[in-house]
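Following are the structures in question.
Note that chain A is present in both complexes that follow, paired respectively with chain B and with chain C.
Here is the complex of A and B:
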């Protein structure tokens, strides 16, 4: 068994290294490849073919990958009968066209190989489990990356994935507060607003400031910070405000806390639109021209790291204290948990990540305006948390992708008037999507109160148990 | 002096008027909270639906039919919302009911958006109360003067209902102790339904008065007045009807004073700042009773 695993692992690693190597060298070999496809140099005699070939080499000279690929495709399709394409050439062409995906795939195989070796030789069960999780995460990232390179960065799927990842972070942050600590807070949109604004304000490039702040003489701040620093600052600013507002409001009981935090979000929204703060916040005008992300991997990575931190926190002693407070405040206090201190901590941390989520949302939207961060946004996130299950991180993540996909994509058809034959489908017109959507949400809230996951987490070992131990309740322990 | 009055009187009148309208909404919040311990987030949207009903019915029917029909349909809606969205959750944790209320609010807003196409509708002019009058050199609509009077009359009638009738007695009992009053043979569900009916009735009247002044009706037009009315209810001490009315008048007047000072951006923010201050220093509000939690 051990030797078997080792051999497979070695094969995987070799395969991986080969894939990474070929896609790295593919670029250098493209001119040679063009020669080999056209051994009799027919292009010399055919001017059309000559031009098509030149387009490829031009793209190569300019180091413009997109242009090269487009040219290559046209060249291959147009003159397929004249070119000699054997398997070797085919493979190298594939490696060139799918270079990034190949590297990603190679990386995946590499991690798989390492995990396999780990599972064969490592005696520590924890390390093995960690290995499997690392493998899964790699699969996820590689999958998303390959998908992005095949379906295009601006496709609907990618939009959903980007927004879903951001909402997942914000929903998990809200779940930390509402689901794990039992504090019913409705200030999420306010903290996201702070995050989005702080990110935008500090990351707009100095050269663009005059244009963005055209009504305020170029604005007050005349420097710009790197993207990641600005994102961290966005989180810190949200956390700072949370600390301040937490001082008074966290002493309130459940629904008073809800309404106070909701009110706080409204105040923040008004303050950021205030004309007197214009040199900093641009008043009620848009903030724009700040760095945005080009690849879907960025929100995935940032949201992933943040969610991981929240998950680690929930599994620590602090997390257990939070749950104790949620289940019974008085008993928790009697057990020596400092109620106020822990509530404050949960509130500040949740707001920190809401701020980071706000910064990501700003990047996703490419513009920021305070008007958009209304109570309705908080309600949406709350509904995501409820659909996923109060007190389940994986539930929140799952629900946010479902929520975004359903509201932005899958239910789109409900908004378009449809005619089948002579029959005009009734009710279908603009706005119907959201009606159906909110009815579904109400159904979940009323009849399926636990949400998708309840307070359980997605777990590999439980999933495996269910598959290996056969059907029936035996696997559910 | 005369100039000063004619310059500032409109703001004061508008404040009193809008305060009366908030009061009518706030009563709905405070009564539901008193009995169910629930912030009925959908109340503001019921208020908006009432406005839309009026817009659509007035287009096809004469006023003497559309006016009572609006009130009846709004009441039915409030009753229906309670039966469908809150009643099944009576044994559930309080957070679930609140989430259900948020869900209803979301649904109603989306439904209004769908039906109207999201465009602002012009609220019909109701004869007589939409007419303008001049007092002390200030021009205003009659509705501004009628609102506080009508509000006070309705509140007095409500107070008679609560203190002099059997159902009022039942309501007071249920708000004091839910479980015990059930054991005493009070039909809880009926009492709750009556509460929602009264709340929606007052919201329908409030909506007529409010939108006669601010005539653009959009699906989210009721959200802000709704929240402010809730703040008013908390300010006055939630569960207390006189408290809600006084709180609403104070908020309405303060808000318009702030507008008069030229800080319109902050008129909404002020309300919520007031809320946070009240909650921190006197969580029970002006007239609320302190509740002690037993272990």
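Here is the complex of A and C:
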């Protein structure tokens, strides 16, 4: 088994290196190949083959076996040469066309090879598990990257993937608060708004400020920060507001947080449109001309890192304390867990990541306007959390992609009036999509009351157990 | 005699016009097992809640290991409403939340079992090790505290082993039979490293055999962890069996105190429990 794995790994690595190498050298090696395919050269080969063919016929006529065989050999060689050149040219051309994808694919094979070797020789189970996770993440990123290069960056699929990744982050952040700490908050859109604005305000390039803030004499802020710094600032700003709200509200022992955050989200939306703040927020006008996504990998990477951090925290001793508060506040307090501090921690962290999600949403939309961050957005995210399962990170991620895909893409056809032959399909008209969508959601909530995942997490080992043992109830992943 | 572990001085708890605990003064010495008994509604659990910080008493003081942990006097509207028998008010006001009192070394269990329902047996105990953490949010998230995390897990396992639940550690806490849930609550309280353990009706709902086993179990952990135990209990066999001293309250007032033999024959106690025969 070990030897077998090693051989496969070696093959994978060789393949990977070859793929990466050719995609780099394709541009240089193509002229040489084309030279070999030059009509003149080919004509020469053709005439050689003609002569060889004649030799074969002659040899047969003369019943000269040696001559026949030698002729045949030359004839076939000519064929093989042509075939080789043909394949090589096609391969190099492919590599030239899809260079970046080839490199990504090569990288994937390389990682696969390394992980295979790791699984064969490494005795530490944790390292092997880490290896498999690294491989899965590579598969995801390489897959998305290749998809982006093949179907185009502006295709519907890519739009859904980008928005899905952003919503996944925001939903997981909301789940941390609502699902894991048992605090009901309805301020997600408000914190996203802060994130989006802070990002936009700090990252608009200095040269474009005069144009964007045309009604406010170019605005107050006359500098521009790098993208990642602006995103971090967006998170910090949202976290700061959450801290202020939490100061009075989280000391109370009931669901006042939902009321306070809902009110906050409405107020902040109005405040950001206030004309007096125009030099900073551009009043009720759009903010635009800030850095946007260049590739779908960016939101995937940022959201991925953030979700990973949240997941690590939930599985730490602090996460256990959050879950204890959710299950029984009085018992948690009797176990020495300070309710206020831990609630505040969870709320501030959740809002931080909502702010980061807001910044990403700004990049996705390419413009920011306070009007868009309505309570409806909060409800969308709450819906994702409920459908995915309160207390399940993987459920929230899964549900975000499904939700975004369904609402933006799969159910779009319901909005178009359709005529088949002479028959006009009833009900299909603008707005019908939302009706069907609502029905689907009602069905999910009725029949999957726990959401898709309940409070379980998707896990490879459980999936493997299920396949190998072939049992395990439906709906319990 | 060294100073008492727990010392209550004139503790009064009044809800509106109802005086639930009235002028309760008592003390518990180191490594003693002391029981608090009384008819239903006598104010036993309220007294517990005053000690652990769930309620702030209207008046009175609580010392733990010589340190003032709770102290209050009637304030605001209570100044007029106050109906306790003790009218001397302490000057200091000390209010501690339950988590701070637990951190000082006072752990408790609940009359109606309060386990973390979605967690396994092991996780329930593990949560109780959170209070002595030295890691902060960042180091815990980035797994820089793995040494401490391992110690926490070992400690939790030790506690489960001590109460004999090690073989069900991965089961959901609520799936355990009643008696084991009680033991789990005790294990969880022990995991906070207490020196004083408050047990609120640990034998509630148990049959005589289970109750007897529980009695031995309580004495066992008292010896093993060198604990001071203060318990509320209705099962008189258990109380007489394991307690060194007993306090009896009725309508919030202390009516008797002494060793089990004295309490058994005390006419006031018998009256409180059985009522007075009026001719």
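Simple rule for what comes next: the second predicted complex is superposed on the first by the 408 of 477 C-alpha atoms of A that agree within 3 Å, B and C clash if a C-alpha of one lies under 4 Å from a C-alpha of the other, contacts with A are read in each partner's own complex, and residues count from 1 in each chain.
Just so it is clear, contacts are C-beta pairs under 8 Å (C-beta built on N, C-alpha and C of every residue); 3 or more make two chains touch, one makes a residue touch a chain.
Keep in mind it's a predicted model, so treat the numbers as computed, not measured.
Chemist: Clash or fit: how do chain B and chain C relate after the overlay on chain A?
Modeler: In the arrangement built by aligning on chain A, the partners chain C and chain B fit side by side.
Chemist: Based on the superposed arrangement, let me know which partner A:44 touches: chain B (first), chain C (second), both, or neither?
Modeler: A:44: touches no partner chain.
Chemist: Considering only the touch criterion stated at the top, classify A:345 as touching first (chain B), second (chain C), both, or neither.
Modeler: second
Chemist: Of the partners chain B and chain C, which touch A:330 in the superposed model: first, second, both, neither?
Modeler: Both partners, chain B and chain C.
Chemist: Which partner does A:205 contact after superposing on A: first (chain B), second (chain C), both, neither?
Modeler: The answer is neither, since A:205 touches no partner chain.
Chemist: Would you sort A:386 into first (chain B), second (chain C), both or neither based on which partner it touches?
Modeler: It touches chain B, and chain C stays clear.
Chemist: Which partner chains sit in contact with A:317 here, chain B, chain C, both or neither? Use first/second/both/neither.
Modeler: The answer is second: A:317 touches chain C but not chain B.
Chemist: Touching A:260 in the superposition: chain B (first), chain C (second), both, neither?
Modeler: First partner only.
Chemist: A:431 in the overlay: touching chain B, chain C, both, or neither? Say first, second, both or neither.
Modeler: first
Chemist: I want to verify one number: the closest Cα approach of chain B to chain C after the superposition, in Å.
Modeler: Superposed model gives a least chain B-chain C C-alpha distance of 8 Å.
Chemist: Taking the contacts chain A makes with chain B in one complex and with chain C in the other, which residues are shared?
Modeler: Touching chain B and chain C on chain A: residues 330.
Chemist: Mind pulling up the chain A residues that touch chain C in the complex?
Modeler: Within the complex, chain A contacts chain C at residues 309, 312-313, 316-318, 320-321, 323-324, 326-328, 330-339, 345, 349, 391, 455.
Chemist: Touching chain A in the complex: which residues of chain B?
Modeler: 37-39, 84-85, 88-89, 92, 94-96, 98-100, 102-107, 109-111, 113-115, 117-118, 220, 223, 227, 230-231, 234, 265-266, 268-269, 271-273, 275-276, 279-280, 283, 295
Chemist: Flag every residue of chain A that touches chain B in the complex, lowest number first.
Modeler: Against chain B, chain A makes touches at 178, 184, 245, 248-249, 251-256, 258-260, 262-264, 266-267, 269-271, 273-275, 330, 375-376, 379-380, 382-383, 386, 390, 429-432, 434-435, 437-439, 441-442, 445-446, 449.
Chemist: Show me the residue ranges of chain C that touch chain A in the complex, using the header's touch definition.
Modeler: Those in contact with chain A are residues 52, 54, 97-100, 102-103, 107-108, 110, 114-119, 123, 126-133, 135, 137, 140-143, 145, 149, 152, 188-189, 192.
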